[in-house]
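Have a look at this one before I ask anything.
Order of writing sets the chain letters: A, B and C. Residues in each chain are counted from 1.
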Amino acid sequence: MKIFSSVNDVKDLKKLLKEAIDFKSNPYTHSELGKYKTIGLVFLNPSLRTRISTQRAAINLGMDVIVMNMDKDGWALETRDGVVMNGTTVEHIREAAAVMGTYCDILGLRSFPKLKDKEEDYSEEFFNKFVEYAKIPVVSLESATRHPLQSLADLVTITESNLVKPKVVLSWAPHVKPLPQAVPNSFSEWMCAAQELGMVDFTIACPPGYELCNDFTNGATIVHDRDEAIKNADFIYVKNWSSFEKYGEILPVEKDWMLKTKDLENTNNAKVMHCLPVRRDLELSSEILDGPNSIVIQQAGNRLFSAQAVLKNILENI
Amino acid sequence: MKIFSSVNDVKDLKKLLKEAIDFKSNPYTHSELGKYKTIGLVFLNPSLRTRISTQRAAINLGMDVIVMNMDKDGWALETRDGVVMNGTTVEHIREAAAVMGTYCDILGLRSFPKLKDKEEDYSEEFFNKFVEYAKIPVVSLESATRHPLQSLADLVTITESNLVKPKVVLSWAPHVKPLPQAVPNSFSEWMCAAQELGMVDFTIACPPGYELCNDFTNGATIVHDRDEAIKNADFIYVKNWSSFEKYGEILPVEKDWMLKTKDLENTNNAKVMHCLPVRRDLELSSEILDGPNSIVIQQAGNRLFSAQAVLKNILENI
Amino acid sequence: MKIFSSVNDVKDLKKLLKEAIDFKSNPYTHSELGKYKTIGLVFLNPSLRTRISTQRAAINLGMDVIVMNMDKDGWALETRDGVVMNGTTVEHIREAAAVMGTYCDILGLRSFPKLKDKEEDYSEEFFNKFVEYAKIPVVSLESATRHPLQSLADLVTITESNLVKPKVVLSWAPHVKPLPQAVPNSFSEWMCAAQELGMVDFTIACPPGYELCNDFTNGATIVHDRDEAIKNADFIYVKNWSSFEKYGEILPVEKDWMLKTKDLENTNNAKVMHCLPVRRDLELSSEILDGPNSIVIQQAGNRLFSAQAVLKNILENI
């Protein structure tokens, strides 16, 4: 693996899952693999789980880590070509990515979408240019439209339950701010891939107008009735996202989509997932988060081993 | 040791002091103890000495270090339970602490008091909740009411002088901003413990209205006449704090409490201490700071070995 | 070497260049030299190349690295002596530098000039005081008037071309903001030293009023006609700087000083250099930056091995 930005970058999904789960039992089996190798983690946006879990994953593999908070520690980046840089941007991504590519062996990049121009965000221009100019392996730490390290950890969490073809439901949730579609896009993309392998049965529940981009949901069952969707569910993945159709907008929603304990009655005692950070009692009820059905901390914990499996695969191909 | 937030967390104070002093001579005696262990240092406030000395202490023990500037690199934290998170806080401490606890083996936490609500600050709600949810060993890097790594270094500094039962005076100093009581509370708590062991004779000098909370000063002699207090003193610990009684306020003070060289005349050629950062010629005169009686740099240097002794004890109990 | 701030700190320039070039082929020949040694990198200003390349250089030598973003993670520093610190500065450089000197084995310091007071900037007061109080080896990561790690990498880049006494031209370029003279001062200082050793032939081209301080240009040919200057040039180093004479000002310039491909016609197929970050199509044309004559990424890549050679020399003298 040279680039990790999507499930399509994974040659053998089941093998990758097994490697992640193996690291959970034995984190130090490859603690010499990363010797003399440095990963640079480049953040254009805040990060807690991704920041710490990827650092620890690299450490467990014997790598060195350099963290770069690009906006605060470095220079404001220009991404457009052909513009006279006489404004506020100080450095072009062409140089910045190329230079970091010379100092590091692997780069990780976090860059959120602006949620203003659908085409710009969905072209993944920033991530793709970074990859092009860096010329070394790059791991997405969440890009405009995907969060693959999160999705891998999500699938690890579902897989380690050992349920046979569990019913997995991605369920939209309310929020006060317009959020990217990266996490649900990515989750859907990975679940559809897992469904093709016979690993899960995947449904998306969202209010009308909140349908995700088709490119990511191919194979998923999409319904607007949340209660209907979660019947017999084994896993409910709760997540807010802003509208893809009316790009980046928050649409009026009639029903109360925040999941509560009583909503779990008709499920198969469903485990509840969320990528975190979660706004309590807005996106998801405290009673669920603090109750026996929540597996959000286990899920977040799997971020570490998922990142470690990805970095292992990249290190083996350097 | 699993939690280090107070002198009460220390089973054998003399042993801990000896370990710190031993590290000063031989920093690498335990350089393999922390192999495969990572400490996460979580800062909600600025830090120079604590930040660097704790990193170096962990490094000397063979640990890996991940630094998290929570407010800048991560998400604004909610601490209250039962609130709908539809405001500015993005993540609840319940999840944030639990997640960091899964990625790290030890956590360090710095969180200042708000100095608005005495009960809230003195309940140590934030630190205690962090400990509760993190579920792994936690070291205070200064909390609302205590700064134990500082106090341990202070006691190391006094101990390594080899004076028999020296007279130690904590002396209030002026400032332009209302500062927490954490450093003086903690210093007093540790000195009272050392006094019980017959190691020091401890006095606090402060203007009326600046008495510290009783919980921390039990056993100390408290006087309002500074000149009287420092008579025959071997160590004068200069520090500003805001009023505990009129919580967080700066009260009018009649005399000039800034220590000058001539004030040392009736002392036992007292060594002058300060936790730093110090505002020169406001809290403490430059003539003292630059003169032979100041041991503030030696004192700051001992932060490293104190942190190393604490981390050693925690590592031995993981 | 104990201090690295200028070419004058280098005993044997050719040996240092060779060591840097050797590290480029074999980065891990001294990977145990820095064991048990920690470098603290202190930034008062943004940094990308210096930040990452110096970290990687230290890592390659087996050192541990602690990064301190002084203004954001620590306290605002006072540098003046004899002032009552009742304003916005929280800590004096006397204490801050001394304390960091006790926790680290080597320090790196980045501090830009304010460009308001020529005498203050050119006294290098901040860097010099930091060195004085830190009492351990200090590497300049760019100071008010010099950027020696950049200049060493520049000379490495020119040297590894294996041209015999190449013609090197430092060519002023336009900008929208007043920039320090540190990079051109330092480049000129190093080129003049290399010229004395018979390694290069050095010319500076700048508009009238943009002459650099004599202290750094002793031995250089200084011309105001850019086209004349770059005739038969082997290397053109493009860089903006603000006026030294009218200190920190941007002066009106008649001709278009931005280098374009057609300007290279009368050169010796000159390689084009820039320290980066570069504002495209303002300082330097995209056609050159993206064309075959640009060696800016190679040049930036050499920052790593230059820093590694410097740190090696310091480590060997600790």
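Quick notes
To be clear about the criterion, contacts are C-beta pairs under 8 Å (C-beta built on N, C-alpha and C of every residue); 3 or more make two chains touch, one makes a residue touch a chain.
Quantities reported herein were computed from a predicted structural model and do not represent experimental measurements.
In terms of which chains touch, the assembly is arranged so that all chains touch all other chains. Copies chain A and chain C of the same chain sequence form an interface built mainly from non-equivalent positions, shared numbers / all numbers used being under half. The angle of the rotation carrying chain B onto chain C, fitted on C-alpha atoms and rounded to the nearest 5, is 120°. Separating the centre of chain A from that of chain C, both taken as means of CA atoms, is a distance of 39 Å.
Contact with two or more other chains is made by residues 72 of chain A.
Every residue of chain A that touches chain B in the complex is listed here, in rising order: 27-28, 31, 43, 46-49, 51-53, 55-56, 59-60, 69, 72, 176, 276-282, 286, 289-290, 296-297, 300-301, 303-304. Across the interface of their complex, chain B is touched by residues 36, 38, 40, 64, 66, 68, 70, 72-75, 78, 81-86, 90-92, 94-96, 98-100, 102-104 of chain C.
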